[in-house]
Amino acid sequence: MEPLDLSHENGELELPSEPMHLNMGPSHPAMHGTVRIVLELSGEIITKSDVQIGYLHRGFEKMCERGTWAQVFPYVDRLNYVSPMLNNVGYALAVEKLCGLSVPDRCQWYRMILGELARISDHLTCTGAMAMELGAFTPFLWFVKAREMVWDILEEETGARLTHSFGRIGGMAFPPSRDLRALCSSALPRILEIVEEGEKMLLKNRIFLDRLEGVGPISGADAVSLGWTGPCLRASGIDYDIRKAHPYLKYDEIDFEVPIGTSGDTLDRFLVRLGEIRQSKRIIEQSLERMPSDGPICCDDPRVVLPSKDDVYTTIEATIQHFKLIMEGAKVPKGEVYSYTEAGNGELGFYLVSDGTGTPYRVRVRPPCFQVVGGLSRLIDGRLLSDIVPTFGSLNMIGGECDH
Amino acid sequence: MSQMVLERLRERFGAAILETHSDFGDDTAIVDPSAWREIATYLCNDPALEFNLPVDLCGVDYPDSWNGPSSTARTGRMEVVLHLYSIGKRHRIRMKTRVGGEAMEGAELDSLTDVWPGLNWLEREVFDMSGVTFRGHPDLRRILMYPEFEGHPLQRTYPAGKTQPLVPYRTEASAGMPIDKLEPFGEFEGMPFGRRPDPTAAGVG
Amino acid sequence: MGDVKEPLLGSRDEQPRRSLTIDGNEQGFATSRVDAMLGWARKYSLFMYPFITACCGMEFMALQSPRFDLARFGAEAPRFSPRQSDLLWVVGTISQRQAPVLHRIFEQMMSPKWVLAFGTCASSGGFYDNYTTLPGVDKIVPVDVYVPGCPPRPEAVLDGLLLLQDKISRGGRDPRVVRPRNDPPSKVAELVSLRRSSGDPRDLLSHLAPGVAGRSQTEKKSGDA
């Protein structure tokens, strides 16, 4: 054995070293399947990180240019696939802004109810997945059980558990079912119970709190300049929720709060999402009370709304209208518009350019988690390797939206 | 509210602001590409305007004779559109400019990453999808497509179905069974009339 | 005739042996007791590699949940290393950029290995017929079971898993596709009425929440708001 060099402090040897490169590849359990992070490590500390996305780029914007305005709805569903109704509603509102339409009250309440159910499903998935990636499998299964209840309601309403394609320009595909109120009133308290059980399991656990508290903090001003919106921004203390700041549908007529965090770390992002589930429950309950139980669900503008099947089979005008709407698309007036709503991750914007025909000229989606993941490098540089997992989980990167 | 923003821009920059309008409730300013960075810095730093949230940056391609939704003719093929929002003042603005010749030559703009760091990835995306280069960007490389990809997919001249596979596909010989799917439709079937190229008629869509 | 040859994946070289068969049909044979035993063991203890990319991942999560329990088929153990797994679940859309990754993971798995294409995007590219989507995973890896659906219902995926288990026990390598159920119209009415049997829609959730079905209408406003 060579003698130790006793002139070094603490008996440390100066060894030649170079940083280690580690690839957290695109197929990784905690990377939500589609993000690659190339890390340069010095021990366990990350010195540099390169976040590479684009492994789920599916050409949403190019596909929209090949169909009609109504054929975009299935593509839009698959953007943020954990809360598809919010995307449907956002896109429908954008096209209606361009057409200058306003939908009936019943449809607005219905959109709010389904949108908030989707938001609950989104936050349950995000918090459950975060817990699972830190080793807490049980709360994940409980939250998935709660999510199944939400999906049961959505399946009863729209016909599909996920990716409903239920929105239409000028309304929704079908009116609410007669069971909606009873289903929601029986499911929502049960969902809240499950969320509370999950919280009791997690938020008193020393290990869980140590892994989340103080990890990945970002200040409000930094988050804003990075383009963050949504729960991640609100966890840093900035009070910006589009439902309150620029209300759309009927959000200004109901009463709900917006949870705001203080320190902008991972624990705050986790807690803000759990708080939003409770607020969504309030919104749904109030909307169910206020929604009229009969009335039209689509506005009656024949330029965009399909006629009823009875008319299509019996009158020639309705047949022609149906034919033109399906084959050529709704003729949206020429122009450009940017319309934004509060989706599960933040400001989901659609910038539409129309050339007056039935096919979109350009549909640009402003994905909220694209900007948020752009800030990931900032959050993990200088921290431990194992902090990547909760930090990345708290950002709720949804591949379909980030890579559109 | 945002009319105030447009007026301030017109007062201060005069000729660099080519046009402003507020169609559909969105306030838009069309600017000269050489003044892009100066106007953006003004919008971010001026205390009365305070546009601190970079919402979106995208490119829209106008290669054909249709010049876009605004009425005035513009030169330049690719329109770069920047949306900004002010969290304190709660107003929005859209800033647009046109760059690039017919074959996208000279499609360059100044990068705004030091004004708003959030535009880093958005500028990379515009470069990747539309082919506009940003002078001064710290790390301009493809973000959504792979580095071996050639071309810029969201340009309208890029065919939607043209793949550039990285892994060669299996053939029937190597697989021992047919693996090509049946084509259910012709190439343009299912596309609406407006977008389908009609070989007999001139000037469709 | 005595040795057990491992068939090349997807190749037509394997000739069905027309001698002693233990179980199977004309499409595949387990030609010895050892084969049958191995087939039985393999099919009930599949270690999966969940290669999850997109929306189908949500249904995959639902599949592992207690409601559509994957564990009862012995297939719930995810191994996030290809060296340790034998079933590759390709869940979601594979883009051209992701294709080399998938190919490499498939190559790293040791035979016997099987591939299940979960969802329409993995089976055929889905409705993303464009420059960036791989038109079906079978362009780069041989697929054993295709489960169409966008996303497929968890029951359809379980159907696919059972088809795969059947294939494994028989030793066949022909690809199979999950077909939709064919309930004749008379049965459909019965099923729907069963679901809406008591006319009380809260019963729809009774199988999930045993305490809920007993709550009355007046209680719906209680609970934290």
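Labels A, B and C are assigned to the chains in the order they are written; within every chain, residues are numbered from 1.
We take it that contacts are C-beta pairs under 8 Å (C-beta built on N, C-alpha and C of every residue); 3 or more make two chains touch, one makes a residue touch a chain.
The structure displayed is predicted, hence computed values, not measured ones.
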{"item": "Chain at the geometric heart of the assembly (C-alpha centres)", "value": "A"}
{"item": "Chain at maximum distance from chain C, centres defined as averaged CA atoms", "value": "B"}
{"item": "CA centroid of chain B to CA centroid of chain C, Å", "value": "41"}
{"item": "Distance between the centres, which are taken as Cα means, of chain C and chain A, whole angstrom", "value": "27"}
{"item": "Centroid spacing, where centroids are CA-atom means, of chain A and chain B in whole angstrom", "value": "23"}
{"item": "Junction residues of chain A - those touching two or more other chains", "value": "54, 57, 59, 62-63"}
{"item": "Junction residues of chain B - those touching two or more other chains", "value": "145-146, 153, 160"}
{"item": "Set of chain C residues in contact with two or more other chains", "value": "97, 129-132"}
{"item": "Residues of chain B that touch chain A when the two form their complex", "value": "23-26, 28, 52-56, 58, 60-61, 66, 68-69, 81, 83, 87, 90, 92, 94, 116-122, 125, 129, 142-146, 153-154, 156, 160, 191-195, 205"}
{"item": "In the complex with chain C, residue positions of chain A that touch it", "value": "25-29, 32-34, 54-59, 62-63, 74-75, 78, 81-82, 125, 141, 144-145, 147-149, 151-152, 156, 161-163, 178-179, 182-183, 185-190, 192, 278, 281-282, 285, 399-400"}
{"item": "Chain A-touching residues of chain C, taken from the complex the two chains share", "value": "50-55, 57-59, 61-62, 64-67, 78, 80, 92-93, 95, 97-98, 101-102, 105, 127-133, 150-151, 153, 200-202, 204-205, 208-209, 211-213, 215, 217, 220-225"}
{"item": "Residues of chain C touching chain B in the complex", "value": "10-13, 96-97, 99-100, 103, 124, 129-132, 134-136, 138-140, 142, 174-175"}
{"item": "Chain A residues within the chain B interface of the complex", "value": "52-54, 57, 59, 61-63, 65-68, 97-98, 100, 221, 224-229, 238, 240, 245-246, 327-329, 334-338, 340, 347, 349, 351, 353-355, 357-359, 361-362, 364, 366, 370-371, 373-375, 403"}
